[in-house]
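Can you keep this structure in mind? I'll have questions shortly.
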Amino acid sequence: MKKIDINTFTGHWPFRKVYHQSPDSIRAYMERDEVEQSLISSFDSIFYNDAFEGDEDLHAAIAGDRRFRMVMTVNPKVPGWQKDLEYECEHYNICAVKVYPTYHNYLLKDPDFLELVSVLEKKKLPLMIALRLEDPRFVYLWSVGTIDLNTIRVLVGETTIPIIMLHGLTAEVQALAPILDGKHNFYVDTCGLRYGVFPVETLRKTVSADSILYGSSYPLLCAKAASYVIERADIPEEEKEKMLYQNAERVFNL
Amino acid sequence: MMIDAHAHIWGPDLDSKANRDMIEACRRYGIDKILISALFGGYGPDEENIELANTYLAKFIDQYPDLVRGMVYLNPHHKNSVDVMKKYLENPKMVGIKLWIAAYADEPCVNPIMEEAIQQDVPVLFHTWHKRVGQLEHEPDATHVAVIAKRYPEAKIQMAHLGGNYYHGIKAIRDCPNVWVDISGTPDERDAVDYTLKQLGSERILFGTDMPGVLLNCVAQIDEADATEEEKKNMFYQNALRLFRRLSE
Amino acid sequence: MKKIDVNVMGGHWPFRKLYKEGAANMREYYAAEEVEWGLMSSFNSVFFQDAFEGDEDLNEQIRQIGSTRMVMTVNPKIPGWQKDLEYECEHFRICAVKVLPQYHNYGLEDDDFNELLAKLEEKRLPLMLVMRLEDIRNSYLWPVGSLDTDSIRVLVKRTSIPVILLHALVGEVKLLADLLDGKHDFYVDTSGMRGATFPIEELLNSVSEDSILYGTSYPMLSEKASVYIIEKAEIADGVKEKLFYQNAKKLFCL
């Protein structure tokens, strides 16, 4: 089935060898799994002091390939992101901004983060919030915390831009079900929906089909794990189409 | 064909939604056999809970005799653990032994169980995890499994969850040819199966899910691995048929 | 003046973009500074859970550079390094083993580290001990402390293999000067010798000229910083030759 993957990466992951991290590997995955478009960000930009330098490399790696749309990584605690954001809007045609509060060590009520949110509101750019990148039990050298779901609830209530929560586990998504109702501008991807035998069928009882987006976290995580939970679910075909690509087209104006 | 080498029931309500989902999942995803252990009574179950767990497991097998096979659950600290093992292994649909986190895998109290398992030619499944956060008391990791595997080279050992963290687990047991690993319950990192294939080859890897906790990422990990069709068959069922003698009887 | 650099790095540094990463840049550096041999380890092997996978890639990079001997990185807390060490001795011709206890979270009294030490003694392989990789004040996401000089002192006294301390500051080298006397099998490289105007002249008052090795930590740190402190020092050319070249040639049997 046709898909848009809203959560892919390239660049270097520091803590293990990722076998399929090159842009060509991502392209091969997209062809194999009928992914027409992917929203891609850089591993390097998470870990570099200057995230923009990771984004420069990302842009060079995907330049001219219309199957990719770039997602900018911002750490609002490092000065200068405002000008970089202007630049990336103008030159890299970014379709969203991604933040990693647990890796960059700030809360969602931090004034620098709220400044970023207000800039994104002016630009009408969606915000992706990564809850985690890997299972905390797997972490090798450096443990990161978690985000309090209540702070996400507050943020969604206070902002007008789309908020996309990435890598939320099934239970975390369930906890936020009242605002995943298709009315709030709030969405989750599927890369963390690994617990439970039928996670999407279970979530569908409380979460709107309009609020779930296919996102794999490939090549860090297994892409088929994120797609099977939709493709193999016992739900109507039109709901699968929404989750696999139509919702993404709408949220990101693709 | 698919054989799920690692799944559970968690309580005496055999008709629970979790159990019904598990059976439905086997139908929907083409799982032909599912090897289940019953984990009753928390991390250190008493003798009564062990008895209950295995009794209810036998009932569950009777409900789905073509699909379900059993792994006898034991607490190695119990003096009667070998007797319990012998009693339940009289049922030919009980195909192996399951040890969880009541004891490290290499504690002396595990020895009699290993010796009886060798006698009866049934594999012993050890839970393993090496966690950055949340390691439980007496929770075994792969280094414990390596010790018991070398102590009993004739024993057949199934190490769960790729050792928990495969970067800690796989190399710990790579030189133990009597250890097979299952992929159940592992977080769906893209490269876990490919890394394990590189270290162990395809003949020591078993498909398992940890249902009702986890399912699809385990199917997806093998489907997505850079493996040949023959290697995938090994992982999905051929290795299980070779390891569990009772599956072919 | 020809040189042996005992501390060059391959692979990818996660926390900023290194402009001189890669084989071509390393070849240029060797040519520009008359580096006859470089002893290289991998950044990836510091951060990868399976250091061996970083070393496999490093072996390929070294092939492209030439004139480079490999230094294996070991985290003795991860099972399986014993077999990897055998493999790297046989196939990668490693000339030393590098450890980073503070990154991998163990002390020099740790049982697993002692097992490694015994294995190196058996193989007569030198041990490189990394004090730090970067100035802790500049750490971006993950501050890592430095090693305690007292524990290094104990280690040097109890082992029979050469121990090379990398990236130690002038003050730390002074604290260990009595062991850097040309009689103990203990050495320091020059990559951390900041914090004094004429560090080499100052150190040679208490440290033997046989105990200092040219090592840069390139491309992470500036190669010129290490070149200048020897080249511009007012010391005899014979001493400079020892520091730049002869001591390493003898120690690593190059």
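Order of writing sets the labels: A, B and C. Residues in every chain begin at 1.
Rule of thumb we're sticking to: a residue touches a chain if its C-beta (ideal position, glycine included) is under 8 Å from a C-beta of that chain, and two chains touch if they have at least 3 such contacts.
The shown structure was predicted, so the numbers you read here are calculated from the model rather than taken from an experiment.
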- Which contact partners do subunit B and subunit C have in common? A
- Which chain wins if you rank chains by how close their C-alpha centre is to the centre of all protein C-alpha atoms? A
- Among the chains, which one keeps its Cα centre farthest from the Cα centre of subunit A? C
- Item | Distance from subunit C to subunit B - Cα centre to Cα centre, in angstrom | 45
- Message: What's the distance between the Cα centroids of subunit A and subunit C, rounded to whole Å?
- Response: 39
- Distance between the centres, which are taken as Cα means, of subunit B and subunit A, whole angstrom: 34
- Among subunit A residues, those touching two or more other chains are 16-17, 140
- By the touch definition above, subunit B meets two or more other chains at residues 165, 167
- Query: In subunit C, what residues contact two or more other chains?
  - Reply: 49-50
- Note on the structure: subunit C partner, complex, touching residues on subunit B are 142-143, 146, 165, 167-172, 174-175, 195
- Complex interface listing, subunit A residues touching subunit C: 12, 14-17, 44, 47-50, 53-54, 57, 103-105, 140-142
- Item | For the subunit C and subunit B complex, residues of the former touching the latter | 49-50, 78-80, 83-84
- Please name which positions on subunit B make contact with subunit A in the complex. 18, 21-22, 24-25, 28-29, 129, 131-134, 164-165, 167, 187-191, 194, 211-217, 219-221, 223-224, 226
- Message: List the residues on subunit C that touch subunit A in their complex, please.
- Response: 12, 14-17, 44, 47-50, 53-54, 57, 103-105, 140-142
